[in-house]
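Following are the structures in question.
What follows is a pair of complexes built around chain A, which joins chain B in one and chain C in the other.
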Partner chain A sequence: MTVATGIRGEDRQNAVAGWLFMTPTILIFSVFVIIPIIAAVYFSMTDWNGISPPAEATFIGLDNYKTILTQPGIRQTDFFTALKNTTYFALGVVPMQTIISLLLAVVVNQSLLRFKSFFRTTYYFPSITSSVAISLMFLFFYQKSGLVNQILSTLTFGAWEPIAWMADPRGLIHIALSWFGLTIQTAPDFLTQTSLFGVPLWSWISGPSVALTGIMIMNTWTTIGTMMIIFLAALQDIPNFVYEAAQIDGASAWSQFRRITLPMLRPTMFFVVTLGLIGTYQVFDQIYVMSSGGPAKTTLTIAYLVYRNGFNNSQMGLGAAIAILLFIIIFALTMIQRRITGSEAAV
Partner chain B sequence: MNKRLLTLWVLLLVGILIAACGGGGSTTPEPTAAPEMTEAATAVEEATTEPVATEPAGEASGDVIQLQLMGWASSDAENTRLQEMIDNFNSANSDVQAQLLLVPDYDTKLQTSLAGGAPPDVFYIDSFKLPDFVAANAIAPIGDELENVDDFYPNLRDAFTLDGTLYCPPKDFSTLALEYNKDMFDAAGLDYPTADWTWDDLRNAAEALTDSDNGVYGMVLSADMARWIAFLYQAGGTVTNADSTSMTLDSPEAKEAMDFYVGLVQDGYAAQPADLDSGWPGEAFGKQKAAMAMEGNWIIPFLQDQFPDVNFDVVELPAGPGGKATMSFTVCYGVPANAAHHDASVRLVNFLTGSEGMKAWTDLGLAMPTRASLRDTWLEKFPNLEPFLNGAEYSHPWQFQPGFQDVLDTVNSGLQEAFTGLTTTDQVLQNAQEVGTEVLNR
Partner chain C sequence: MTTISESIPQSNVNGRVSWATVKKVLSYGILFLLALTFIYPFLLAIATSFKTLPEINQNPVSLIPQVVTLEGYQRLLTFNVPRWTLNSALVAVSITLGNLLFASLGGYALARIRFPGSKAVFLGILGTMMIPGIVLLIPMFIVLKALGFVDTYAGLIMPKLITAFSIFLMKQFFESVPRELEEAARIDGASPLQIFFRVVLPTAKPALVALIIFSFQGAWNDFMHPLIVITVNQQLFTLPLGLALLRGGMGQNLQWNSLMAGSMLTTLPMAIVFFVFQRYFIEGISYSGIKG
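Coming up: the complex of A and B.
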């Protein structure tokens, strides 16, 4: 074997053994990850319809990317609508899940708290439940006479008008604007007539629709458990003597949290936010089960658009191109995020 | 090298190869394919292997052609009936043995098996999907090899005919009709709808039946082009011109149909299923939150099963300014291009859709026969379904050009926005016209 030349005999043998033990994983990884990625990049440059054998697909270079990014039409509009929806989804879910899971972690980390393990288990439970089962359950909660409306109605002493959450395409920002009399009828022309990437400015500023908000709330609820566990592990890694020293110096609980806990959690924070960004930008299963992209395409996300193109519209090549764009978006966001959080926080 | 390490490595590698290959060879009907099958399909397998085993060992097993029929599961009664028919086919044909696979997530599974080059020998094709399959050269035109083609209703033949070529025979079909709640009509003191109702009659009745304070509406309508389009045809409009070269959704007829449909909701005489705590119109109708619904014959077993107390009846859809029209939704048995056993596959299709097969299949009163010659005997048995069957004469097939999913999505999403007042009917039609033009020019 010449794999590890220049290394002493025993080390070389270890290196060979290491590679040999990795062979199965490398094989599996190639078959199920690397080759599909290469195939996806290739198919994104073909006009493959997903029905005929892939060998019959014609290579068309970057045409699919041009169609999506620069050519006015329904495909461009759909992609940027999906990008808008997914971004609103991430903007809502990532901060919510990070803050709530951090709070929960801090709470269940308190040594004085009783039934600690009960709470930990309870908060973690949604994370290990099938997302399809949870989605179906929430479909009932979000019905017009469902639990969510009933609770809101009780809390507001009947002032809350029940809505059919999953069928409501109104954007939250649009709703807020309508309180000040600004609707699509009264909005200035530059908002309704000007389009950016095939989507009118007025639609860009819609905010997440009521239906998407429903899914966002559910998604936050199902993911905080995992994030909480990660924070909890990090919290327990912070050595106690740091807090003791701070207490001797007379630091209050709040300044201990702000000046010790948060800075010490920074690498974990980066990790959690990155996981959150990746997870939200790839959201698919809940959309598939709960809304199929409706009402009025307001829950159409990028990952769901990939599926629609591949399996409903017979445009697998175009779908693959969107998938590659999704990868680039997530990669770029992670890099930006890493810059903001600070490079020393890299995990 | 350390000998023990080497042995371990070889063992691991062999293990993985075995595991990887085990999943692969599912193109031949072997027991290894079982995990993907539904219960019904597994039962089939047991049934089909029996005759083979009883034949004299030796020559038979090599010559018997194995066929796979893939479809989606419907009601238990229908699944069982189809299995019986397959069993009959197998006992009548010693040289061909068919196997029924009813799979979940059908579209995805069919598409991947076609792309993978190992499609089932016979499979369901929805009329809406047919143009995409034809455009991809995925299916063989077997129209010339079918028994008594002229017996199929012309409208249904059209649903599977592209550029003059009949690709596959309709196995059954459904049409839209108007279901109405008799008790609610009685309570409102209204006469029951008749087959010669007009749009005005529908609208007036919907208005009279609406009691929005109690959450009851005259009608349940969904933001769905597959329902609105019936009004489009009733108004005398069309989606495209006759040779499908340009869109015609900018016509005054389309506008009239859109205004009427959206108007029913905007004026509060009709509501969407979600506003009636329902997943689809049939459920809202069953819950008696809407007095009228506009669904196909699939609603009948659903209501009998889930809401047996609802006192309802069915009548043909009202006529619009352009006359009577309804939609037909139909599915055919397709045979793939480059089929491994083309003749045997066609024999199976003919067995299932021939006069006898069609009679056996539709005898449950769930699916409707696509052969005009069976009309009278079928109606004798199921007179209450006549409004649906009558639709066969004047229905329009649910089928457009390849890529029309984009238009469908645009109309559906536009209807949803128009219902909520977020856009105008003009805007919806304009968008659909533009998207359709783009699709036709691709």
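Coming up: the complex of A and C.
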């Protein structure tokens, strides 16, 4: 009898303590995460401008979503241009950062390597630096007379024509096509005349612009350190005897990498690619500081469009709708990726 | 592994350069070259911050200023930068303290205290981690406006006092602490609060250091949140926000020595924290990274 009340007393004490300990967290999460999410869904169905009292906003149902997805016009064109740019951004950055950081991790992980911690520290440092500071630095390097052009010029023995990176709206694929004589003037009509979601086919296949490529290179540069450290930790978890056994069997370095390292790193690969996708689809700070979406909207990303609509164009409702579409896109991409990598790889 | 790799060069006695040597030279070559691409930009930014504007125009890539000037830094003073630095420090320290306290309380409760609803709370927090920050941009503004937190320190600090990431870091840590410690204290009649502060928390030092680093880094470098909270009051700018708007205000006529000076000013505190706590950074990121 006394034992039973003792246990119940302890249960109650635990319940009180548990909820007491969680109170600050629950409070802050409710006010600054849960309520905003609900508010986002609601306001995406209003015409709120961000200035008048929120209560005065008119409920307009799914009109914002219709404007973006189905009604031809500047808003639809902007959204799909941003979607295109952001997708090129992710398609470039995610594979680049994953492959480079994996290779770096494998090289740095070699047991006989000296200066290991120097390399680790050096590569990781940009990851802890303010995105605004890094963006300003690269803005400086990307000038016509800046560091990047000078390096390229040196590497090509002067053959490189300096370009003003951040002012260059030419798409990389367009540039490549122009080498074969295919430009907007010579392109077949179906490319230039047909539009999909308010963006001409010719623009869809532009590739990232030179300006966006500059930001992509910078973004890769800043993120590979973090990814490398994640890969390094996973590499250190692969037991040595697996490699030793393979070496005794005469496996080459390449086949060890392909048959042992890569399969063992699959869960980590999934994690890194997911991180990469989530990060790239939200790219914002760099765009704000370096290009404000220009030149010719070729660095307009979805995140920047959300901000611009909400805070510069007084279209909070429309901005909220775009943010929700972005959430759906990121969620879907993560799910698709999980399917491809195999669900057992899920962390 | 070590012994086998070491034995490879010795087995190659016929005078040819062994594959192991080639591999080594190649590895070091690539690693050092790459290290240079990581270090040079920072050195150049530092050098530029001490150059005069004409010199920057004339030679934007040299590492050594012909004339060392503090012009870039002095101009920053006229833009209220000291105030922005103080704001950044105040905000980052408050947010770090908040995360330390609330994340260790919450993480401990989720890891160790069996209370009704703990599973639901845990899943709820897990769910919010799936929501990309940018999605909350506008709704956060709506809530801050409703609370009257726009253009206030409260707006800068309160929403960031606890993050899902911090909670997970601490929860994971507390799960690794042996239960015997608490059992002994419990038998002695200590309350959960006493057990937490006297017995458990002192063992959590490594996790707390990792938490300090990540919270401080996140808050110090944050740009998006201050951007939406501070709409008009320049007195409340944080360093990254002020710097970005400074750039915007200069238009086409960018004063690079000041912009680089500001960037270095923003980088310096993080660099110090980083070099002092290096080990914890690396440990922390692998720890949190792997567990996802």
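Odds and ends about this structure:
The definition used in the following text is that the second predicted complex is superposed on the first by the 327 of 347 C-alpha atoms of A that agree within 3 Å, B and C clash if a C-alpha of one lies under 4 Å from a C-alpha of the other, contacts with A are read in each partner's own complex, and residues count from 1 in each chain.
The rule we apply is simple: a residue touches a chain if its C-beta (ideal position, glycine included) is under 8 Å from a C-beta of that chain, and two chains touch if they have at least 3 such contacts.
Model, not experiment: these values are computed from the prediction.
Legend: residue contacts after superposition of the two complexes on their common chain; A:Ile184 is shown touching chain B, with no touch to chain C.
Of the two partner chains placed around the shared chain by superposition, neither chain B nor chain C is touched by A:Pro95. Once chain A of one complex is fitted onto chain A of the other, the partner contacts of A:Ala303 are limited to chain C, with no touch recorded for chain B. In the superposed pair of complexes, A:Asn313 makes contact with chain B only, with no contact to chain C.
Judged by the touch definition given at the top, the superposed model places A:Pro295 against chain B, while chain C stays out of reach. Looking at the superposed arrangement, the partner reaching more residues of chain A, out of chain B and chain C, is C. When the two structures are aligned on the shared chain, A:Asn49 is found in touch with chain B, with no touch to chain C. Contacts of A:Phe331 after superposition on the shared chain: chain C is touched, whereas chain B is not. In the superposed model, A:Met166 lies in contact with chain B only, and not with chain C.
Contacts of A:Gly73 after superposition on the shared chain: chain B is touched, whereas chain C is not. For the contact definition in use here, the residues of chain A common to its chain B contact set and its chain C contact set are 13, 17, 20-21, 24, 28, 31, 50, 54, 139, 143, 145-146, 311, 316. Of all residues in chain A, those touching chain B in their complex are 1, 13, 16-17, 20-21, 23-24, 27-28, 31, 49-54, 73-75, 78, 139, 143-146, 164, 166-170, 184, 293-297, 308, 311-316.
For chain A in complex with chain C, the touching residues are 13-15, 17-22, 24-26, 28-29, 31-37, 39-40, 43, 50, 54, 104, 107-108, 110-113, 115, 117-126, 128-141, 143, 145-147, 150, 221, 226, 229-230, 232-234, 237, 240, 243-244, 247, 253, 268, 271, 278, 281-282, 284-285, 288-289, 302-303, 306-307, 310-311, 316, 319-320, 323-324, 326-327, 330-331, 347.
Considering their complex, residues 1-2, 5-6, 9, 12-13, 16, 20, 107-108, 111, 114-117, 132-133, 135-138, 223, 272-277, 279, 402-403, 405-406, 409-410, 412-414, 416-417, 420, 422-423, 435, 438-439 of chain B touch chain A. Chain contact summary for the complex, chain C toward chain A: residues 1-2, 4-6, 23-24, 27, 30-31, 34-35, 37-42, 44-45, 48, 57, 60-61, 101-103, 105-106, 108-110, 113-118, 121, 124-125, 128, 130-143, 145-147, 158-159, 161-162, 164, 167, 191-193, 196, 217, 220-221, 223-224, 227-228, 239-241, 243-244, 247, 254, 256, 259-260, 262-264, 266-267, 270-271, 274-275, 278, 281-282, 285-287, 289-292.
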